[in-house]
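Shared chain: chain A. Partners: chain B in the first complex, chain C in the second.
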Partner chain A sequence: MQNLGIDVLFKGTNMMRLLGGLWVSLRISLIAVLFSILLGVPLGILMSRKSRIIRAITRLYLEIVRIMPQMVLLFIVFFGTTRVFGWNLDAEVASVIVFSFWGCAEMSDLVRGALISIPKHQYESAKALGMNSLTVFVFIILPQTIRRLLPLSINLVTRMIKTTSLVMMIGVVEVLKVGQQIIEANRTSSPNAAFGVYGTVLLLYFIGCWPISMLSKYLEKKWNNV
Partner chain B sequence: MSIIELKNVSKTFDAKKSNIHALSNIDLCVEEGEIFGVIGLSGAGKSTLVRCMNLLEKPTDGEILIDGKNLLKLSNRELRLMRREIGMIFQHFNLLMQRNVLDNVCFPMEIAGVSKAEARKRAKQYLDIVGLSDKAKAYPVQLSGGQKQRVAIARTLASNPRIILCDEATSALDPQTTGTILNLLKQINKEYQITVVVITHEMRVVEEICDRVAVLDHGVLAEVGDVKEVFKAPKSNAAKALLLERKIKQLEGDVANDI
Partner chain C sequence: MNWEVIGSYLPLYWKAMLLTLRIGWIGIAFAILIGILVAIVRFYKVPVASQIAGVYIEIFRNTPLLVQLFFLYFALPRIGIPMKADFCGALGLALLGGSYMAETFRSGLESVAKIQTESALSLGMNKSQMVLHIIFPQAFSRSVPSFVANIIFLLKETSVFSAISLMDLMFTAKDLIGLYYKTSECLVLLVVFYALILIPVSVLGDRLERRVRHAEFGD
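== the complex of A and B ==
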């Protein structure tokens, strides 16, 4: 095992530290996902409206988020705003802000897409049965939207979890950073640690994301069969 | 008094280049208990016309009276109650895919405040009428097009309508299934005295079940009359064109059979 460099993980509390790092990654992404859903869904509903002004503004927001690398956003929020406004921003909070900003944009676009893909006759036949707009939305449109939305948004969640590896650039000690620290500390005693540790980190990401994408597969299958 | 009365109804859609006059000054009466057909070429304004009858489309001008009540003067709530008396079925059946047939029929009743037990009891009766009692537990994907349309009809019947509007209700179905759905509509019309308005581009549908027919031509009402008379002696060019088209189709069919 020596030459695979896995042994360092069993030294001291290394494995626990790595898992702690994973928890930081998951925590940031899950909180950001929560905000993305809470803010992105209403925003997406708003975007599906016909108003030109709303569409223009949201379009701009979406383009900015898409064009800007997440790393630049992180730097702006963490280093930029703390200097300019003189406040004290925790690196983890800054990460949550950036990831929510990004996730909310992506989420709203998914919601908008799902909503406008529901054909007009679905609204009309419900209205013709004497339902009011709220009932139509809640009982007819929303369930169909959620079905279309779920696989896509789960994909977004896994992308967000993976991208959290960037937050170590602003000093958050997440799973990848912990791995790096362990490798550094054992540079002389086990030079092959990079392989074992990064391999383990890979496995941890897999363990974090796999159940989520399995869930999405399961739901997709279940709903297609009904 | 006619059950449906359109007075000088016009509908204009704002389009980028020029406005589209989907309906121009339509005056039309549908009598209680009849089966009324609306035919015309694609884009003639048939769907727009029938969608005005339950105000899914708001006319730009004119009045729509159902049983003498002006739809445009109703409050939102009154309009919703009125819509329950005006059933509508579409080319797309619009069933809830995640609910079974029985629940699909129950759903609008439950929304309207009917108790669950009562809704189920009534839904079963309506499924019986449309001949689908044995499919109550099936899901929409397990049904054929004709069966789906039967569910949609049962669902509409569940709100005790006095009128049923059908917008190309048989267009997605093969000729034989079309025949059975038309018979069902006829039966409902006879047994429950429900007025039926049928929109179609198939002359055959009109010929088989309608008492009277209106011919639309580019948003203008070209001709209204008894089906037999319109078929025997069409006055408008639009009606003549539609009949000619039907003749050609028949001849083509005959030739194909001969070969």
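== the complex of A and C ==
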């Protein structure tokens, strides 16, 4: 039988190193998700207001994020700003900045969409029942918004995890880079390591993202029927 | 900002953009084709094929394109399936896009109300007439917004092609920065050229969406 290079994974600490690399990508995406929620939710609420100036500015921001590939943003922050402003930026910090910038735009758009999708009569009925703005928001609007928002924002988490694979291109040592190193180190003893290692990386990403997508799909189905 | 440098880089970027467009175009065309086929198989629950399609969709939707390309380009030759880089890029994009398009078209098909098929049949249409004239047009018009989003997403994803040593925009920019250290010029050109590709697509997409919303049926 042909050697598939899976044995390389069980040599020394290779598997642990690969998992350590995965943790680096996960850490970046989790921090970025956290920032995206913290900044994106208020921004989304702001965007649902009907001010023209706010709308114009946020529209520009969203268009930029929608059109520019994340890789270009990574290059701009990591190579561009360091050159122009002369500061020293860690590759991981640069990735967190870029993914927060991107995630915040996505998140705010989701929040805005969810807020707008709530029919006007919900506000009016609540007002008619004598609730004030705060109680309307907390007891009527918020619960409905969260139901629409949660499945979509869980989906954003998987997209974030998938997109963090790009950070390898600016030199962060994450799972793919570790894989490359393992393959290089075992070039002579196991020439087919590429198959085993990249196959495992593919599998690791799948194991990481699939349950989260399933959860999102399940919640969407469950809450849509109500 | 040094305009002479920018001028001398322009031809290189132009060539790179053509490569991105060429592979992107082929990849997206096949993605749409795969998407339609898989969506139909999934929607009509063709036995066996539907399960295979389900596994395909889940695998490609839940892994990053970069890792998929690494697998196609570096791992498959090890078990005797060598591929050229540009073929590999187009294949990766087509497979990734196919899984996204399939979900888009399937939810479009699902959104066509049952009463539509019943009415068509009761008007004496046969099955192929019903599918062609009643179901597909409505399903397509419903899936346009996410169809447009997918195309923009796929064009953006082409930026990872540089990882399998295709000389696309990203590769050119990185190469030139490494050679001459004209970082700002290179990055400005990079942004301009990606905008050149994506702004027209975005504008056309918006128009298509508006046009289709105008043509929506009934409800």
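Rule of thumb we're sticking to: the second predicted complex is superposed on the first by the 215 of 226 C-alpha atoms of A that agree within 3 Å, B and C clash if a C-alpha of one lies under 4 Å from a C-alpha of the other, contacts with A are read in each partner's own complex, and residues count from 1 in each chain.
Convention: a residue touches a chain if its C-beta (ideal position, glycine included) is under 8 Å from a C-beta of that chain, and two chains touch if they have at least 3 such contacts.
Note that the coordinates shown come from a computational prediction; the quantities given were computed from them, not determined experimentally.
With both complexes superposed, C is the one of chain B and chain C in contact with more chain A residues.
When the two complexes are overlaid on their common chain A, residue A:Gln122 makes contact with chain B while staying clear of chain C.
Once the two complexes are overlaid on the shared chain, A:Gly5 sits against chain C while remaining clear of chain B. With both structures placed on the common chain, the touch criterion links A:Phe139 to chain B but leaves chain C unconnected. When the shared chain is aligned, no partner comes close enough to touch A:Asp90: not chain B, not chain C.
By the touch criterion defined above, A:Glu184 reaches neither chain B nor chain C.
Shared contact residues of chain A, touching chain B in one structure and chain C in the other, are absent. Interface residues of chain C facing chain A in the complex, by the touch rule stated above, are 58-59, 61-64, 66-68, 70-71, 74-79, 152, 156-160, 162-163, 170, 173-174, 177, 183-184, 187, 190-191, 194-195, 198-199, 202.
For chain B in complex with chain A, the touching residues are 51, 54, 56, 76, 80-81, 83-84, 86-88, 90, 92, 94, 96-98, 107-108, 111-112, 139, 141, 152, 155-156, 159, 165. Residue ranges of chain A in contact with chain C, taken from their complex: 2, 4-5, 63, 66-72, 75-76, 79-80, 83-84, 158, 162-163, 165-166, 168-169, 176, 179, 191-192, 194-195, 197-199, 201-202, 205-206, 209-210, 213. Contact residues on chain A toward chain B in their complex (touch as defined above): 119, 121-122, 124-132, 135, 139-140, 143, 147, 223, 226.
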